[in-house]
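These are the structures, in structure tokens.
Shared between the two complexes below is chain A, which has chain B as its partner in the first and chain C in the second.
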Partner chain A sequence: MSLLAFSDFHLAFWSIAVGCVCGVACALLGCFLVLKRMSLLCDAVGHGMLPGIAIVVLLTGTLSSFVLFVGAMVFGVLTAFLAQSLSRFGTVSEDSALGIVFTSLFAVGVVLLSRFLGHIDLDPGCVFYGLFEFVPTKTFILFDVEIPETFSPTLRELIATLVEVPEAFPTMLTALVITIVFVALFWKELQLAAFDPELASAMGYNAQLLHYLLVALVAACSVAAFEAVGVVVVLAMFIVPAATAQMLADRMRPMLLWAAAVAVVAAVVGYWLASPWVFACNVGGMIATVLGAELLLAVLFAPRHGVLAKLVRNFRLTLRIAGEEILAILYRARENQTRVDTFVLKDHGLSRFTIWLALVRLQRQGAIERGASGWQLTDTGAQQAESLVRAHRLWEAFLGENFELPLDHLHAPASRVEHFLGPELQKQLAEQLHEPSKDPHGKQIPPVHEPQMHSDKST
Partner chain B sequence: MIFWDWGSLYNVFVVLAGVSLLAASAGAIGCFAVLRRRALTGDALAHGALPGLCLAFLIAGERSLPILLLGALASGAAGIGVIALLRRWTRIKEDAAIGIVLSVFFGSGVALMSIIQNWPGGSRARLESFILGKTAGMVRQDVYVIAGLAGLTLVVVLLLYKEFKLVAFDPSFARVQGWPDFWLDFLLMLLVALAVVVGLPAVGVLLMAALLIIPAAAARFWTERLGIMLILSAAFGVLAGVAGTLVSTFLEKIPTGPSIILAGSLLFGVSLLFAPKRGWLARRRENARQRHAARQRRFLSVLYDATEPALPHCVPVPLAQLQAEPAWTTRQLTKLLEDAQRKQWIEREGDTLRLTPRGLEHAGQTARNERLWKLYLEEYTDQAVAQLQTDLPLLESVAEPAVIDALARKLKLE
Partner chain C sequence: MPILDVHDVTVAYHRKPVLWDVDWTLDEPRLVGIVGPNGAGKSTLIKAMLGLVPLVSGTVNVFDQPVANVRRRIGYVPQRESVDWDFPVSVLDVALMGTYGSLGWFRRPGAKQRALAEKCLEMVGIRDLEQQQIGQLSGGQQQRTFLARALAQQADVYFMDEPFAGVDAATEQAIFQILRHLRQQGKTIVVVHHDLRTVPRYFDHLILLNVRLVASGPTATVFTDENLRKTYGGRLSILETVGAAVQAQERTP
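Our next item is the complex of A and B:
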């Protein structure tokens, strides 16, 4: 252990390294936890392994031994096992069982720590919020090298930093390596268990064994990260990158990569924000905050599953439906020789603003125009409207043919479905109904035109 | 702690009163959370309150308890809101949403707290006591606040008992009946949040979660009635609180929070094992009894089948025939034989045994019932499967007489 003051570079380098290694290990596992809905179990394991740590520290007297892994894994698996047994044999609901087991085990851990380990710098407070700042200050020399004077100062500092490794780092690196090996080895099985556990069991995979292996690894990663960030922030490092990745990716491999990237960004940005020259605060807490911010960004702006993307998609659909409704109204008005000046589409839940926007759009497309006799369809507009009205009346005919519905019950469902009947479906309907020319109300079903409008939305 | 003087004794009483009141109200309100499968939402609330505490301190600039608690309540409620929004608007599932709120809120709280502590005068905020709790440091004002909470909880639960009960057991039915299930649920969570927030400074994040879950889960073992469960749960909470506080007062270096949790776990363990009916031992015994009864029915009908051809004479049945049955092990058979002999159903004669008249009556009845059930299951499968019970009651007690007549006639024909 070195008692020398560490350079800023040394502290920053190793802090970020520690954050990245822990973060990536946790994030990779987290993907499977989130998909398997084990997030809360992960929380419980993180708390429940405390007695294991306390006992190992009690026996060995140090926090950086590899035996710590064993202790944490034993108690992590014990937590999961006890909770499962409680809910299976004790008729306790799953969430209560978890809550009981992990609070109890955690209490045992705290009692052990406070009663027997007052002299070791592992107080209950540190258990909660970690001591990231101290991790890179307890170091050992990896190689005792003589750095030649001829090297440039930057290079010398880099080498000096690299050979003086924090005591906790090898443990964390081991956790990462084990995690990667585990994921690579059980790639197929993990995916199967994550997406279709019944199928996995039916195919003869031991889902139970895989489950406990996963739990043991969660415990191992938690213990590696625990001294640095505390038991609660570890949970953020497991769950949040995975949830963020879930918003961004639809396949397993990209999801893992995204999760790892999110973890690395959080480690770097979190350390920077928590450093003395910005906020000067707890690093673990700041990493969790940055993770939360990353998730927020993903939730809002993710291209496919983000909230904004969803809103835009919904609005586009609303606008399209509004436009089509307007065309249909004008078509019917032309049939009935009535005049249309305003559109009210309350039963479609369309606001006046949406209708106005749809009108503007249709005008720009040249589908409608406003003349002396109110709103009128142009030729292009009439073609689009015909296809829509054809869809509507075909559906009415279909309902009238196949369901015993009174005549006045046909319009409402048809005006919902009409927007989603592409040319292909229209053709099938027409064939099945033997090319009808009139709908149940006796109205003319417009003939087929060359498909223009519906070509992009056959369902 | 040594309390030879009145001052320390008084302190102990204050702490005991505070802990008991808190544990009682948390225990009662926790029942609904546990029944509603929201046990861990309480945990998320407790963690989620931290950033609000810190922000309230930053805004108020001093350690004023009401403002801090208001901040905590607001951020706890925000946490619950975020969980609901994540579930509603994204593909993130509920468990992950709870985990996210719990850890991210707590993490940002920790970061804020460390910023506050670096300020001049910030360390006087003693905000870290909200994480670990300072049970022993409870003062009279705290007890008043807690008593207010307990009173409020009691009043609300008494007023809305029927509605809460409905929402706790069958929320969809409540909705169909036209109850505002969302608002009732919200009110319940608000009560949980209140209990959590009031309890935080006294007992800390973790103990608060435990106080909500453990007494309620323990009480569930002893009763099938909600009212009794509420009272029991409150009582268990008080018991754990008092026992835990006393243990940590008398033993050195045992923090109060964990010792209360462990007292609660002990109570839970006792309930889990020894509670009548729902306890593990009772259910095991009941299971064993049922299996024995099933074997006995099989035993009697095997004997009856062997005796039947020669009726009305009770011919001896060789023991070997019974031993060949796969339904029991040798030891179980020995027990069955002893049991039957004690009830004077059979007589042993060397390697054979014979039904006594009394045994014949029992065996005949059992065999008839079993055959009727078999036919019933074949003929009226859907109905029969729904009525089938492990102890195979007399068919007469479940099926209609007309059905039984029809089945009995059919049985005679065979």
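Our next item is the complex of A and C:
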């Protein structure tokens, strides 16, 4: 059947459906591979299964049969097994063993395909790039229904689309269902074997068996997906959603859900971007590109591990340190009865902008005020400053007691550490130093106040 | 009936023996320390007892049975560095893993297992951290998590690989108290240990190991200067030579 016989809606619907189903299945399995730090394995399995496919096609003469899965799974497991044996019995490291085995098997597959299967509809181009656009064009009718004329045109098109299913879809759906059942059934065992395989073995779980089951499923999903998206893009579908999810989630269940969501978004957005109305390009490639973009977004904006979040956290810390330094300077100025108009905090690498921002913040908090005699601490400010100066002088006392340092070397290290000494640590220090009243310079160590300053310490 | 019976065990990695003919029996519940220099085969010995590494020769029996038959009575604390602490699980999830051995395939932990895991976290003093992701913990807290997981295994024999490594003083004390508590309940605990100063205080039975068993028995009689000199005073060079010869021979058949 030609491409033109299908409406745009039909093509779009089934392409996206295929993309979602493949993507989610791969993403779920990918999570376990990424957690086991075995991302390379799906690369290997995806390539190593090619001779399996070639042999099955050679024997049965068709591409869309259940036996194809069996062939792929056998050779997928064989890849993992051979690699493991090679590294155990040969003098080859684990990663090179994997590299040797899968490239060799893939080469055998290419040889078989090019020598015996030139006449069959499985060209190397399809293997590499996939033919996403053609998946929805080979269809079968699910139900032979009469669509009543009274239905609206939209509804009629929807029904017509739903009953005319691409031939590849049921196998892909099967792969997804088997994957979900596998993950649900072996949830606890997969988690344990991925986190601590030795404990799993010590408890009597056959971690090895579970591993090969996982590999077999990876092979099955690869074969389900590779006709559509090609052998290279399948890799992206395994690894990238899982890696993205790892940035976003810190529990197993959310991680799997995130991975599935990332895969679905990539299928929808990727198909749209690859459509004739936008870039008119290879759909599989575009899906993988969108996956990459999603990962990049996660790297930049993930709430805990993202670059932006880290920058914000760092800036907050800098601002807190600047504020505390200002309070300490004002406290000492009050002790020495000197006047403060400007702050220079070169030691801490604080820019003038940061100092200005810290001043604004402290003013708004009511910790400092500017009067006729320069900057002054308010009562709340004085209380905060006291805790800080206490931390500073306690640390100086600690250094003086335990380190061979000249007196003029104590101030700088104490200025660095003082911001991180909360009430609990101050208490421990004071106890260890037998509640000192003076620091090594002879300055008064302020007594404990109700701790407030460090309640928001972010470490 | 001996609790642990290690009979003439030899273990090899890549055919080179790393543990030679270890023969050791424990008849009564004890808090056992395994002590020896780096590369002495301490971890290998407990892995051999757990059935995690293949034996070149010899047998291991636990309660007079092969290890595979009594796995539910055995608890294990691997080295802290052996797992990925960025793994997306909470402290409670890890403690729950201790109950997996008694559940068997397919069964999920339920309310009973959860209560047990929480009780074990309580015992090691980190109940309040149960919802934290394990990567946010300090080294001592991670070790306590592992210990809670082992307690949740409710075993009769425990194997622990360097549970005191890299923990703060408070955690070291807490762990020791729990080990002693287990010991008082009649359990046997076999601990790989590296700090000689604490050996006489912690353990009532000792294995001195350096590729071979140098000495074993009650700490009071075994922990002597002469035995320590034998353990730490270098390998028996003849063993190294024979090991290399075995490896070379088998590589070229």
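Here, the second predicted complex is superposed on the first by the 357 of 459 C-alpha atoms of A that agree within 3 Å, B and C clash if a C-alpha of one lies under 4 Å from a C-alpha of the other, contacts with A are read in each partner's own complex, and residues count from 1 in each chain.
Note that contacts are C-beta pairs under 8 Å (C-beta built on N, C-alpha and C of every residue); 3 or more make two chains touch, one makes a residue touch a chain.
It should be emphasised that the depicted structure is a prediction, and the values quoted were computed from it without experimental measurement.
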| query | Would chain B and chain C fit next to each other on chain A once aligned, or clash? | reply | clash
| task | Examine A:R37 and indicate which partner it touches, taking first as chain B and second as chain C; both and neither are also allowed. | result | both
| message | With both complexes overlaid on chain A, does A:S201 touch chain B (first), chain C (second), both or neither? | response | second
| request: May I ask you to decide whether A:G284 touches chain B, chain C, both, or neither, giving the answer as first, second, both or neither? | output: first
| Of chain C and chain B, partner touching more chain A residues | B
| message | Looking at A:G292 after the superposition, I want to know if it touches chain B, chain C, both of them or none. Which is it: first, second, both, neither? | response | first
| query | Between chain B (first) and chain C (second), which, if any, makes contact with A:T338: first, second, both or neither? | reply | neither
| query | Regarding the shared-chain residue A:R251, is it in contact with chain B (first), chain C (second), both, or neither? | reply | second
| task | Tell me which partner A:Q444 touches in the superposition: chain B (first), chain C (second), both or neither. | result | neither
| query | Does chain B (first) or chain C (second) touch A:S96, or do both, or does neither? | reply | first
| message | For A:Q191, using the defined touch cut-off, is the partner it touches chain B, chain C, both, or neither? Pick first, second, both or neither. | response | second
| message | Please report the chain A residues shared by its interface with chain B and its interface with chain C. | response | 37, 246
| note | chain C partner, complex, touching residues on chain A are 35, 37, 185-189, 191-192, 194-196, 198-199, 201-205, 246, 249-252, 254-255
| field | Residues of chain C that touch chain A when the two form their complex | value | 47, 50-52, 68, 71-72, 74, 76, 78, 82-84, 87-90, 93-94, 97, 100-101, 103, 105-109, 133, 135, 149, 153
| task | Quick one: which bits of chain A touch chain B in the complex? Just the residue numbers, please. | result | 34, 37-40, 42-43, 47, 86, 89-100, 103-104, 106-108, 110-111, 114-115, 118, 124-125, 128-129, 230, 232-236, 238-240, 242-243, 246-247, 274, 279-282, 284-289, 291-292, 295, 299, 305, 307, 310
| note | Residue positions on chain B within touch of chain A in the complex are 34, 37-40, 43, 47, 86, 89-93, 95-96, 98-100, 102-115, 118, 128, 131-132, 205-207, 209-210, 212-214, 216-217, 220, 253-255, 257-259, 261-262, 264-265, 268, 272, 278, 280
